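Presented below are the structures under discussion, each in the form of C-alpha cells.
Both complexes shown next keep chain A, but they swap its partner, so chain B is in the first and chain C is in the second.
Let's look at the complex of A and B:
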C-alpha cells in the first residue's frame, strides 16, 4: 500500500471543476504520475500526482476538505 | 553567480526589508513577511539585514548553483535536501558548483527564507528589491519565480560570522495556537460591545485565504452598531468613507470574517479597521498555517511599543551572535 500525501495546505478537490467528473474513482487503476486531485491555496491550484501505479483503494479525505502538508489524501494498492 | 530555478515552488519571491516611503501613493512596503527569520538567514551567510532573500511559501523551489556559494534556510520547518541528502535548517550550508537544492514536505509554519551569500541581486526598484507582484514591481520581472529563471546573486558583502547555526533558543516556535496582540481602532466604535467582545474573547481560525496581502479568519463574526451610512460610504455597516489602512489593520467585510492586512496590502479603502495587529507580532502572522486557532488580545499602545522594543532587542541579539 502506498499513501499519497498532500504537499501543501489548502482545500483538496477530487474534480478539476464543479461540473466535471472526478479525476479518479475509488477502485480504479492509476498510473505513476497520474493526477488524482488538486489542492487550492492562495487562488492557485496544485495538482496532486500518484507516485506509484496500482489501484486507488480509497480516498482518506472528503472532497473539498481542508488538508495540511503531509496529510494522507489517498491510498494506492501497488501493482 | 546565479541560482537556476528548476521548479519554482508555489509562491517564491525575492524580498528584502521592504520599499518604505511610497505607501502614500499606493505602493505597499512589501518585504519579507517574517523579517526576523529572513534576517537570521542573512546573518548566517555573512550578509547584512539589507540583502534580498527568497521567500518561499508552503512548497520550496528546486535549483542548482553555477559556482561555489553559501546558503542558509530559516523560518518554516521543512526538510532542506542537498543533492538528495537532508541538511539542517537554521545552519550555514556550503554548496559546490553544480549542487542541487530542493525541499521536502512542510512540517510546520508557512514561509521559509533562503539567503545566499552576497544576497539576491535583482535591480532595485524605488529603493528595494522586494517583489510586489500585483504592481509588477521589483524581484525577477516583478513576479514570483518561474521554472527556468536565473536568479543573480551579488558579491559577498562581509566575512562569514563565527557562528554557523542559530541556537534553538533564538528560533521562533512553530505550530500550535497563536495569540496576536492588537490595539483597538480606528473604527472599533462602529462595533457593538458584543462585537468588540467577540473579536478579542472568541476563537478565530485562519482560513486558506491567506497571502502576502492579508490573512482571512473565520469565527463567530462581529456585530455592528446600526447607523445611517454617511455619504461616500457603502451600504454595509462594515463600510466607511475611504481611509488609509495601516499594515496589520483588521477589517471585517460584511461582519463575518476578519482580514488582517499584511505587507503587500493596499494602502486604503472603504472597510472599517476595528483594530491593528501590533508591529511586533507581524512576523508571527507570517508563520500561521491555515486552520491555526487564533486569539486577538487587546493591548495598550504602551504595551505595543514595549513589545516593539523587545523585538528590536531580540533581533539585535541575533546580529550580535
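Let's look at the complex of A and C:
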C-alpha cells in the first residue's frame, strides 16, 4: 500500500471542475505520475499525482475538504 | 436615490477601502462576510456584519442569492461589489436591481457588452478607439480570404477565441505556412473549451507595455482621470502600477485619453471604469485590449496624483445619478507607484503562503499609503486571493517615487508568512524598469530566467 499525501495546505478536489467527472474513481487503476486530484490554495491549483502504479483503493478525504501538508489523500495498492 | 446603508460585497483591503469612504460620507455600512472573516479588519470597521456562507468563496463571496438576501434583511439600499468576485457579473447586478437596491456600477447591459471580446471590440471601433490591425470582429471567409488578411496584418499574429479571456484561448502564428492549420486548431479548441468556435485574428506585438485610462461618467458627463502603466506583470497578473504612464509620446497619451472617454460616452457609462490598451513602444501605437467595468485594484495611484476619491465618486454617482466633476477640474500632480504585496513565496515559484502574521510594520509618512485588510496577529486564509496589501507612494517625479518605494519596501517588515516584498524591492530598482524598458512578460522572460541571485 502506498499513501498519496497533500504537498500543501488548501482545498482538495477530486474533479477538474464542478461539472466534470472525477479524475479517478475508487477501485480504478492508476499509473505512475497520473493526476488523482488537485489542491486549491489562494486561487492557484496544484495537481496531485500518484507516485506509484496500482489500484486506487480509497480516498481518505471528501471532495472539497480542507487539507494540510502531509495529510493522506488516497491509498494505492501497488501491483 | 440617496444611499443611507451600503452593502459591501467583498473582503480584504478593498472592503476596508470602500467602508472608509462610505463612512466619511455618513453612509452606514453592512459587510457581507464568510464564516472565517467575521473577525477581519473590514468586519471590525463595518457598522454591521452579515455572514453569507462558509469559507470557500463559491459558498459565500460568490453566492449571489445569499448576498442579496443579506442586503435586504439588513436594510441596505445599495450594493458595492469592489473588484473580482461578482463585480463584473451582469446577472448579479440585475438581481441586485430587481431586489430594489442600487447597483454601484454601470448598467448590467454595459457589463455584458464589455465582457464579450468581439462585441467590445466592435464597440471600441465604433467609438474610434485605436485597435490592432486584424479581423476587427469574428474571423470569417474561406482559406484564401484568411490568408489575404493575414498577409495584410503581417506576421507574427495571434488567433484568439472570442469567448476566451484571461490569457486563455490564444495561439501565436509566426509563419505563413502555419496559419491555416493553426486557425483550424484554434477553432476546435475554442469550441471544446468555451462552447463557441468563433475566433478573431490580430497583430501580435512583441514586448508590449500595458497602459490604461481611468474614466468616469454619469450617463451625460464623461471624463478621464489620466492614465496608468501596469507593465510589470507575472503570468498576466499586474504587480507594479504607476500613474501617469511614463515615457509615452504626447500624441499617444492624448489619443488613449480621448478615445477612452469616447468609448464611455458611446456606452452611456455610469460610475468608474478603465479602458486598457496595449502599447507598442517600437511603433509608438496604442491599441484596445478591453474595458473593465468596475473599480480597479490599482486605483490608488490615480487618486494620489489627482486627489480624487474614486470610491466616493462611485457612491455619489450611484446616489444622485450625477457627478460634479468636470474635465477641466482634474489636475495631475507628480507621480505615484503601487506595489502589490502578495502572500506568496518568490523562492518557491510563487507558492501561496497562508499562515499567521507575527509581525506587520509599514512605512509611515504623507507620501505613503498602505491599503490592507490585515493586522498583525491575523491569519491569512488559504481560500482567497493572495493580495495582502498595496504599498503606494507619491513623489514629485518618477525618480522620487521610485526612491520612496524602494525606501518604503525596506521599511516594510512582514513575518510569519512569505511575501513578494523581496521581489518587489528588486523590481523597483531594476535598471530596465528605471529606464521604462520593461514589457508585460519581462519578469518571466528576462528577470527570473537570468538566475540573478535572490
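Brief remarks follow.
Note that the second predicted complex is superposed on the first by the 79 of 79 C-alpha atoms of A that agree within 3 Å, B and C clash if a C-alpha of one lies under 4 Å from a C-alpha of the other, contacts with A are read in each partner's own complex, and residues count from 1 in each chain.
Throughout what follows, a contact is a pair of C-beta atoms (placed from the backbone, for glycine too) under 8 Å apart; a residue touches a chain by one contact, two chains touch by 3 or more.
Everything numeric here is computed off the predicted structure, so don't read it as measured data.
Within the superposed three-chain model, A:77 lies out of touch with both chain B and chain C [touch as defined at top]. In the superposition on chain A, A:41 makes contact with both chain B and chain C.
Once the two complexes are overlaid on the shared chain, A:11 sits against chain B and chain C alike. When the two complexes are superposed, the chain touching more residues of chain A, out of chain B and chain C, is B. Looking at the shared chain after the overlay, A:64 reaches chain C, while chain B stays out of its contact range.
Of the two partner chains placed by superposition, A:3 touches none, neither chain B nor chain C. Across the two superposed structures, the residue set of chain A contacted by chain B and also by chain C is 8-11, 41-44, 66.
For chain A in complex with chain C, the residues that touch the partner chain are 8-11, 18, 41-44, 64, 66. Of all the residues in chain A, the ones that touch chain B in their complex are 5, 7-11, 40-44, 46, 66, 68-70. Residue ranges on chain B touching chain A, taken from their complex, read 10-11, 57-59, 105-107, 110, 208-211, 289-291. Within the complex formed with chain A, the residues of chain C that make contact are 56, 58, 343-344, 350-352, 354, 382-386.
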